[in-house]
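The structure appears below as structure tokens.
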Amino acid sequence: MGSINYSGFSLFNIHFPTKLVVHVEVNRLEKLNAFNRDTWTQLRDIFNLISIDPNVRVVILSGAGEKAFTSGLEISPKSMALLNGGDYEEERARFVTRRAIRDFQDSISAIENCLKPVIGLVHGIAFGLAIDILCATDIRICTSDVQFSVKEVDLALAADIGTLQRLPKVVKSLSWCKDVVYTARVFGAQEALEQGFVSKVAENKQKGFEDALELANVIAAKSPVAVQGSKHLINYSKDRTVQEGLEYTATWNAFAIGRDMKDAIAAALSKSKPRYGKL
Amino acid sequence: MGSINYSGFSLFNIHFPTKLVVHVEVNRLEKLNAFNRDTWTQLRDIFNLISIDPNVRVVILSGAGEKAFTSGLEISPKSMALLNGGDYEEERARFVTRRAIRDFQDSISAIENCLKPVIGLVHGIAFGLAIDILCATDIRICTSDVQFSVKEVDLALAADIGTLQRLPKVVKSLSWCKDVVYTARVFGAQEALEQGFVSKVAENKQKGFEDALELANVIAAKSPVAVQGSKHLINYSKDRTVQEGLEYTATWNAFAIGRDMKDAIAAALSKSKPRYGKL
Amino acid sequence: MGSINYSGFSLFNIHFPTKLVVHVEVNRLEKLNAFNRDTWTQLRDIFNLISIDPNVRVVILSGAGEKAFTSGLEISPKSMALLNGGDYEEERARFVTRRAIRDFQDSISAIENCLKPVIGLVHGIAFGLAIDILCATDIRICTSDVQFSVKEVDLALAADIGTLQRLPKVVKSLSWCKDVVYTARVFGAQEALEQGFVSKVAENKQKGFEDALELANVIAAKSPVAVQGSKHLINYSKDRTVQEGLEYTATWNAFAIGRDMKDAIAAALSKSKPRYGKL
Amino acid sequence: MGSINYSGFSLFNIHFPTKLVVHVEVNRLEKLNAFNRDTWTQLRDIFNLISIDPNVRVVILSGAGEKAFTSGLEISPKSMALLNGGDYEEERARFVTRRAIRDFQDSISAIENCLKPVIGLVHGIAFGLAIDILCATDIRICTSDVQFSVKEVDLALAADIGTLQRLPKVVKSLSWCKDVVYTARVFGAQEALEQGFVSKVAENKQKGFEDALELANVIAAKSPVAVQGSKHLINYSKDRTVQEGLEYTATWNAFAIGRDMKDAIAAALSKSKPRYGKL
Amino acid sequence: MGSINYSGFSLFNIHFPTKLVVHVEVNRLEKLNAFNRDTWTQLRDIFNLISIDPNVRVVILSGAGEKAFTSGLEISPKSMALLNGGDYEEERARFVTRRAIRDFQDSISAIENCLKPVIGLVHGIAFGLAIDILCATDIRICTSDVQFSVKEVDLALAADIGTLQRLPKVVKSLSWCKDVVYTARVFGAQEALEQGFVSKVAENKQKGFEDALELANVIAAKSPVAVQGSKHLINYSKDRTVQEGLEYTATWNAFAIGRDMKDAIAAALSKSKPRYGKL
Amino acid sequence: MGSINYSGFSLFNIHFPTKLVVHVEVNRLEKLNAFNRDTWTQLRDIFNLISIDPNVRVVILSGAGEKAFTSGLEISPKSMALLNGGDYEEERARFVTRRAIRDFQDSISAIENCLKPVIGLVHGIAFGLAIDILCATDIRICTSDVQFSVKEVDLALAADIGTLQRLPKVVKSLSWCKDVVYTARVFGAQEALEQGFVSKVAENKQKGFEDALELANVIAAKSPVAVQGSKHLINYSKDRTVQEGLEYTATWNAFAIGRDMKDAIAAALSKSKPRYGKL
């Protein structure tokens, strides 16, 4: 249970604003935080580490600078070659394309699979890949200046790393969802709030961070056994029948109920604040 | 088709405010209607009876007194022992825990599986188990003073009897849903209405009951074949692909279409009010 | 890739308000656009043709006249006989009923399965079958005078051609959804908007058509490879686990990524407007 | 319930060897019964008709002549063009390929979806498409001279119209199954019998037909309500959880139990032979 | 953990041939062990008790007397009335039929859901319901004189309490499976062995019981944590994707691994025989 | 497409007996090829590399030496600590156990997910983990001296890395499957052959290798596009409904059909041997 070293990630700022809360910020300022391959590989590795880091209970994910959460996938010859099958030809190249998409999907899914809750803090430009990433976070807060766009259709592409799978399960209206997907139009904070895509709108990035941190601290004070279980079980159950979700949940809690519950009850009875071990 | 006797349930008030509408009220006033094992066993038995009672077409479910719908699971040594495996040790105790959770889940699911629509009327404190129960009802009405909380995380527990399975399928925003689950914070009537968790907010419990009863009477005047089928088919279909839902529905209506439809059409043509047989 | 002839459909008006956008309008004015068997057969055939018509990129679906989108299924002896098994008796008749429902379901599903996005424009009366149809469209716009009703329960029938399957996946609140299904009550434009059933409310039918056409033209200018893929993949994924949706999507894009993406990027770099081939 | 006319199918022989049993035989002798597009379109139309033909209770499906059940898909420029996207290019051509495969799959699935049991009688060459078709029949009988081969890999193709989906659910050993798929090797009657792919081996085609007809007559004497239900329910259930299969089956029998059961019991008590109405 | 009393079951013999092994024998000799409603209700109650009885590790299930395991469902006016909806008419009667089937299914499923392995010992007549029951046991042994028949089609009924769901997952060949379902023909021990329906054929009932008991004793000496988990996990996994099965299994073993494993390893290292606590 | 270097794997022998066929042999002779953590990590890494190595078309997997394929999981303090949660206590330790099982499962699944067919060659002792591994291979060949055992129950453990998920889908009889799982008894080559667990029995390891290599060479001469697609599509489809398998397959072949098919047909017409590019 030694502490994990996050210093090797060149494209992200990683620090701990409070104990048990980590702030992960994509940092490619000159590119509006656009993602190249290294960015999504680092993203995956960071969230895989956080998932097992006992010193982290909650994550805040944002983009560096004033202008953008992220402008999306970087359009460079290298990124494109990857999607086009490299040295292979015809159907062989398409095997490679498929594999590249699967890899990229796994990077985004690392956020969802990370056992610690992730709060997405969004400001400025949040295009394409930004939406894929945000759909994989748990709770979303945005600033009033945010510009969202499911941009992929403007690249002549059906979004393939998560938006089409997760967005319809995250927001209120399928009609709205298809509207923003087919048109790739920009929408703002208010519309995102009405649709339930974000839970809160902050005046600016600084205020947004304060909101996110306050929420993170509340969650970080809870039993990590309860919070991590809740995240996993909601994600598991939303995709399955109620009966399957219930059976899996009973099996999960057969191992997850234990000392923390005793501590929580004891604290409640003594009107003290419970303190939970690391996980 | 004789009438069913509901007198044996000590922890519930059960009466018929109008013909074909039953009002079920949990009644442990001194405990803020908290649930012990007997409560949830009785709850299950009541709803299993109602499901086959031809004299009931709609159910209203509420909590007795002014203070609470229910404050949740009673925290008593006996309830806790049950969750902790009784006389068994280690992994054997965990088999018992799992079985106890499964039993408890079945009690809540009895509301969802009851063929008659259930209107949840909520006031005052509605913590933990209250949300599990309400998610299993069909339509929810609350009073303006209601205090909801998905309380389980404060017991260091991932909610395991239905909230995590059903809430994300019931409300508008997954971001909001995770917010209230991870923080266990209290939310009120307005927020519940905005999220679609309740369909209506009433001024107080008395007005809420009038609203619930008016709605219940409307539904009770409809064909029970149509209403019971609709409840079953919505619940079946929301968890499955559209194609699976359609195939099952066609098979269902192959037996369910019959005299009531003829009566409904005849009544429509003669501009009279249809009267349907019991079911 | 010759042009498809839509002249054989007696119960529908079909024309092209702009290039690549087709307007399909049910036209049985004297019956408030009620559907008999021919209507739903023609509906299916029209959408199956549109799905493979390279000259269509977007569809607008509406009802002719001032009074109704559609008043629902025509209650005629012929329609009823079909649902009642024709010459067969007892359980044999019920086999026939089941088959008739399955056929009718397939007509509605033709809208969902059509690869081109469908914008539903609704005005006036929109009862029963109207909701089944609208749930199968992608984006819904209504007029301020619209009267929606999930009418089937008033026919003593559980809705069996799509509403019970699709409506809970389309709107915000399951509580609201069951309310309108069990009561068959009429609801209007504002309620539909709040629930996310429609994306926009227009002053009248003419304005509504202008809105729909503007939206259609925006979508028609996008890559059809991207738009058709997006529709198919959203519909596929909303019914399945995120992982299954992701895997299917990667396999889909392994063939669907190609020339259009190159054209889109080239256009973006040259700040010109991309032009995409037919599909 | 007039009789259905099967005379329009140029590529098949269709006759009734006994009352209620139809014999369908693919008849392109000069091509070893290879399938071109017309063949599979006719196959689909024939089985869709049989499914609702009250004069048919059982089907026997075989290939004409002495040499082959079928040698598979005809390798002609026209067939190949279809799979290669016709006039379209690149990813557009691949949309067309996908659609052509889906159509072809539907033809094969018409055998499985036909409510009447289908007995496959196989002799001589049974390559590629032959296996796809046979997997969709209910019971398979072969002659001792049969030569089976899952031939698609020799066309550099993963079989895409049913073998890969159905064969592993039809036979005993997945290890064997992958062996014959990856190698495309020919296997004979004895191996097919040992693996449970066929239920019986006949000396020659004539004897095989006698066996098939005897079996068909036995089944044709049973209640068609029971037999058609059994076929549908086995196919439905083998792909789903036991619980889902049970729930669907209860719903099915809620309409399917009726007069035939009364007749069967009456006949049993009076030791007479039951006679069942058409379906 | 006091001992459970099985004396209240009038239609079954229940005794313990060896410690930890219970022998359950249906005992309606005069009716060839045919099942009426009481029989299946008692069957369910017995297996629900056994599932939580720490004094039982394995069950042997057989039929009393020399002639029959069971001749199936008793054809009596009372049984038939139940399936025909009692006092209700038309579609209402069919609601009742559906409910009766669901109840009956639950009785059979109690065998599968019982956490203790069940060895079915079959002799003599084993018709209809016999197959439904046997498919729900874990391991089947038969005598050489056994006569199996999936008899339901001869009652003009699609089997609706388990055979159609479980048989195709239990045996080798779907072709064979449909053959015996559609024809209702009798098949014997050798055919059952070849198809894998039974694991062993014994000379007579006495020898069969000795084989069953020997097997039961072997299993009863194993860790009940391991055996009960294995039964549950095989049944869970055979109906789902490999990935779903694996995830559920990991969650299960997160609670189920414990003292028994330590004891097993200690015993192995000391070359002694492990002794496991009750469960 | 440079060649991949397999030299870094200390616990495996890896060589190419023929072009395009790789032979992977676990090599811990002194431990009867038992697996410690390094072994399963290397296993995963090797198969992940092979999956994308264009110089490999088929894999043969075996165990070094005369005595054992593998004796299973090494029972060492270190292996056990891993399963027991390391430094954590109570429910926290169980989170760690669950994670360790998931990691181990992924190693075994790497064999199934490897796009190249894997032939398992088994001799001598094949206990526990051996069966988990073999179930994940495609085709199994054993020697006449092999001793199989699903050994986990003897460790007081429900098998949790694949056997319980895959074995019932791989062999003929569920009754047999549960027999060998619950008893952990040893079974030999003949029984494995009869159940379809292996496709062939060889006299000894040398002959077995010759058989495996001959089979591998046959498969290696086929189009890798066809073979890799077939493996992926069989594995995908066996776990899903036929319809889901068909739809996924059509989407797959929309990209996978191409040059190889043209080459195959050209070779067939010219009666030459096709030569396929690397993949």
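Per-chain numbering from 1; labels A, B, C, D, E and F assigned in written order.
Just so we're on the same page, a contact is a pair of C-beta atoms (placed from the backbone, for glycine too) under 8 Å apart; a residue touches a chain by one contact, two chains touch by 3 or more.
On a predicted model such as this, the values are computed, not experimentally measured, just so you know.
Chains that touch both chain A and chain E: B, F. Interface comparison, A-F versus D-E: the higher number of contacting C-beta pairs is recorded for D-E.
Averaging C-alpha coordinates per chain places the centre of chain E 33 Å away from that of chain F. Computed from the mean C-alpha positions, the centre of chain C lies at a distance of 34 Å from the centre of chain D.
Averaging C-alpha coordinates per chain places the centre of chain A 48 Å away from that of chain D. The set of chain A residues that touch two or more partner chains comprises 94-95, 98, 169, 172, 195-196, 225, 240, 243, 251-252, 254-257, 260. Contact topology of the protein chains: irregular, matching none of line, ring, star or complete. Applying the touch definition to all chain combinations yields A-B, A-C, A-E, A-F, B-C, B-D, B-E, C-D, C-F, D-E, D-F, E-F.
Chain C meets chain F in the complex at residues 248, 251-252, 254-255.
Across the complex, chain B is touched by residues 117, 138-140, 169-172, 195-199, 215, 218-219, 222-223, 225-227, 229-234, 237-238, 240-243, 245-247, 249-257, 260-261, 263-265, 268, 274, 276 of chain A. Within the complex formed with chain C, the residues of chain D that make contact are 1, 52, 87-92, 94-95, 98-99, 225, 228, 255-260, 277-279. Of all the residues in chain F, the ones that touch chain E in their complex are 75, 80, 83-84, 94-95, 97-98, 101-102, 105, 109, 112, 152-162, 164-166, 168-169, 172-179, 181-185, 195-196, 235, 239-240.
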